[in-house]
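Order of writing sets the labels: A, B, C and D. Residues in every chain begin at 1.
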Amino acid sequence: EGGEPQLYQLSKAGKLCVPAMNVNDSVTKQKFDNLYCCKESILDGLKRTTDVMFGGKQVVVCGYGEVGKGCCAALKGLGAVIYVTEVDPICALQACMDGLRVITLSEGITHADMLITCTGNKNVVTREHFDRMRSGCIVCNMGHSNTEIDLASLRTSELKWHRVRPQVDHIIWPDGKRVVLLAEGRLLNLSCSTVPSFVLSVTAATQALALIELYNAPAGRYKQDVYLLPKKMDEYVASLHLPMFDAHVTELTEEQAQYLGISKHGPFKPNYYR
Amino acid sequence: EGGEPQLYQLSKAGKLCVPAMNVNDSVTKQKFDNLYCCKESILDGLKRTTDVMFGGKQVVVCGYGEVGKGCCAALKGLGAVIYVTEVDPICALQACMDGLRVITLSEGITHADMLITCTGNKNVVTREHFDRMRSGCIVCNMGHSNTEIDLASLRTSELKWHRVRPQVDHIIWPDGKRVVLLAEGRLLNLSCSTVPSFVLSVTAATQALALIELYNAPAGRYKQDVYLLPKKMDEYVASLHLPMFDAHVTELTEEQAQYLGISKHGPFKPNYYR
Amino acid sequence: EGGEPQLYQLSKAGKLCVPAMNVNDSVTKQKFDNLYCCKESILDGLKRTTDVMFGGKQVVVCGYGEVGKGCCAALKGLGAVIYVTEVDPICALQACMDGLRVITLSEGITHADMLITCTGNKNVVTREHFDRMRSGCIVCNMGHSNTEIDLASLRTSELKWHRVRPQVDHIIWPDGKRVVLLAEGRLLNLSCSTVPSFVLSVTAATQALALIELYNAPAGRYKQDVYLLPKKMDEYVASLHLPMFDAHVTELTEEQAQYLGISKHGPFKPNYYR
Amino acid sequence: EGGEPQLYQLSKAGKLCVPAMNVNDSVTKQKFDNLYCCKESILDGLKRTTDVMFGGKQVVVCGYGEVGKGCCAALKGLGAVIYVTEVDPICALQACMDGLRVITLSEGITHADMLITCTGNKNVVTREHFDRMRSGCIVCNMGHSNTEIDLASLRTSELKWHRVRPQVDHIIWPDGKRVVLLAEGRLLNLSCSTVPSFVLSVTAATQALALIELYNAPAGRYKQDVYLLPKKMDEYVASLHLPMFDAHVTELTEEQAQYLGISKHGPFKPNYYR
């Protein structure tokens, strides 16, 4: 999302001419910005644009990564009936264990009241799906740029577009069916909602620390490659944000740190721990 | 809320000159309009006015009737830490069993990030409480008219009011502390949020049926008194709204209806059942 | 459940020769014993007998009264996918708003991993349903005596019963399909689980107070009829159980009590309030 | 937990004489066995041993890794009031955002009804904590071997141990205070509960595939080091378990796979993705 696949491609091709930090995959980004930000934004973005009621509504969420998990958690809290589509069997199995039905979009599309894309992929919702939606279905994107919904397929002469409010279009079929498209398929959380400043602070602190680390690092620590943020910095960012919640972290005793084979000041987990 | 206490007082005093229906205490009003409407509105009203993040926030909810229950359910779904105040030990015990700490407002006020009144009472939040709030605390009312917060006590010369947006006032203490007051203590869900048209349809249908019943009833069925809506009409209103959810009700067999001692077309429950 | 329909029938027939209290419909019984007890028992009863995993399992719950609501709340907490059957459109609409799909048993039976009856009715699950279940489906009753499941229809020569553990029978079809029946259709929470002593204390206190009230009441207060427990006693029972949770109830000021038109010591709600 | 720290130590010391797979940190182990297994077991283990009611109970959970997260999710579903202790600021911040208060054990111990350790650490609960618990507090371990609770400190002459049932000891203070210790501090889920066979199947399949991979790998693929299971195998294990839930995974189109820069048959995520 933050361009880190491009970085890895440059690196593989031997064309990366400076060291780079993949901040997007640090824990404080992946597990906070993506998960909790979307959990906070999804209800807000939908309410501000459509005033929709969530209780009892059938919602199809495409993708059960961090973004999808956040959306589903919020929607479940307000009593929506949720269906998930996934390509990755691991995320699909997580959805199952969390009590969500995993279906294909073709199976779920005819009874959906809302459809939310969170895949990072392209053309996840196609004209064929749109043609089978019921009238009034709300379609929006929480995932990635504006590629997830195949908008081009809707720009045809037999469909009428009617802008009912900023960020809200009704797409009208010849038989009168209306589909409600939000933000023309761009990111709902950026277009129609606000983003919690607290989570932005977590992300911004992570980015700032990454830059400081790259700048301050002794020659040779980082080569012309892509690195994950050192765990200890990730932990430092988190610790800076705990006082906001009056949270009190426990300090390890020397004996405990020794038992765990770590320093009592962290890092507390291996680098790949999420 | 709908003036039904006044009806009962008129009836007791022998001054009610027509039959009346207490629609407010019918199940489809009490358990739908109050509970689910507030569950849908509370997050929306707070987000639209303040963009506040809910995760990890300490929220004091005054009152655990239907409105309070709805607010708490929604807030819990987004990860708030909730404390409840109650005067009625039955509602207090329900809050406990639902995993909420029951405290007095004096105990909880100093660490509250948000304060929501849902009591139907007056002067639940007083100047003494305001003086002990921390800076940034958001105060709003979901309960009843505009009596729950003692606003008069805040209209004093040493406090400055600053309107930062429509419906949002900062009240500023001499030391710089700011409390965020929404809708000047009027109902948040009516002032700063929308109300689901579906739930309004349930309530409106209940009211219309009550009027039709009073108009059509044979002479003598209703005297100059206050009545609850007949259970069967309550059930009829509900049945009209089920197709919206593709819900399929089960029909009793004759044998089952006989076993339960009821008609297979309802009413299915005694009148006081909630 | 506690025989109160019989009391009302006796009363109607003019055959009740003493005053009676319908304790079963007091709030502390209806909303605590039925709701919270079943919420605590359902997972326990199923785990102790079958060691079943709940995550991702499709469960059909027949009946969404207090017992069904309690079962669904617990099952949702562990990630089950829940379907509800209902005859009463009000309870059906509540299930919808709570995010549960309302279906008929015929629609849901073929994909159920578990089936739980909570209706108070008879023959809710019939041989026709059993014949369409998939192998391994677990069937149990949380509702009412042992009438909800039509056991007689399973006592036929072509089906084999195999007792695999106390309270657990496998019923085996000629093709090898097995259905797991718990407690021979008797109440799971009484047969295979324990009941929280705390909730029993609430119920027992309610019953004791009802007896004391009947015994102490001045002549003429109660006639040969069925009465609901006075609200004030219901509230007293609740107040006795609050210290267990370190819960602190708020006291009304004189001004507030006057505003609400009630005594500051209760009762706080009308008698039919639930 | 599975001895993987020892493997890494051997590897660092140059003493590992064969290639090894760190199966414990594969996603299907970390995110399924640890999280969902404990979510399923915690209520069961406590109910079978103590018949405790969860609604309204104050529970301190030490550690908010996968095990702690699973325990908290289950306890929240049944209405417990949960406090978390953590040493890692990232996990602490997750607990905050999930609506749990993060405290030190010293702060929370005096009002705990239950105390559950999930840290993987040693001597997390000490005699000093035990001395400050209230009578009736239940103490158990879900984390790691039997080191988390300092049992030695309880084996002193002034404290009496009374075995009330298998796996349940009352430890009695001179003033009559009783603390309920389960399984003598060993793992509750192994000692007092069952483990879902489904999750064991996921874990066992992961282990078997790791062995097959090591056996079949062409010479040179693995050196004398510790490896994470290739993502594709992790995904394969998950896909084998989806039919159990009638889950239908979506297949990528060629165009989509190309857009994402991955094969349409996976692996779908980078190796460190969790």
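The definition used in the following text is that a contact is a pair of C-beta atoms (placed from the backbone, for glycine too) under 8 Å apart; a residue touches a chain by one contact, two chains touch by 3 or more.
On a predicted model such as this, the values are computed, not experimentally measured, just so you know.
Asker: Mind listing the chains that sit against chain B and also against chain C?
Answerer: A, D
Asker: Determine the centre-to-centre distance between chain A and chain B, using the mean Cα coordinates as centres, and give it in whole Å.
Answerer: Once rounded, the distance between the two centres reads 34 Å.
Asker: Calculate how many whole Å lie between the centre of chain A and the centre of chain D, each centre taken as the average of the chain's C-alpha atoms.
Answerer: 26
Asker: Provide the C-alpha centroid distance between chain B and chain D, rounded to the nearest whole angstrom.
Answerer: Centre separation, chain B to chain D: 40 Å.
Asker: For chain D, what residues touch not just one other chain but two or more?
Answerer: In chain D, 36, 55-56, 76, 79, 96-97, 101, 245 touch at least two other chains.
Asker: Based on the touch definition given at the start, go ahead and assign the chain network to line, ring, star, complete or other.
Answerer: complete
Asker: Contact residues on chain D for chain C in the complex?
Answerer: Residues 36, 39-40, 43-44, 47-48, 51-56, 58, 73-74, 76-79, 111, 193-194, 196-199, 244-246 of chain D touch chain C in their complex.
Asker: Given the complex with chain C, which residues does chain A contribute to the contact?
Answerer: 55-56, 76, 79-81, 96-101
Asker: Which residues of chain C touch chain B in the complex?
Answerer: Touch residues, chain C against chain B: 5, 9, 25, 27-28, 31-32, 36, 85-90, 92-97, 101-105, 107, 120-124, 147, 202, 228, 234-236, 238-239, 241-242, 245, 247-253, 255-256, 259-261, 266, 268-274.
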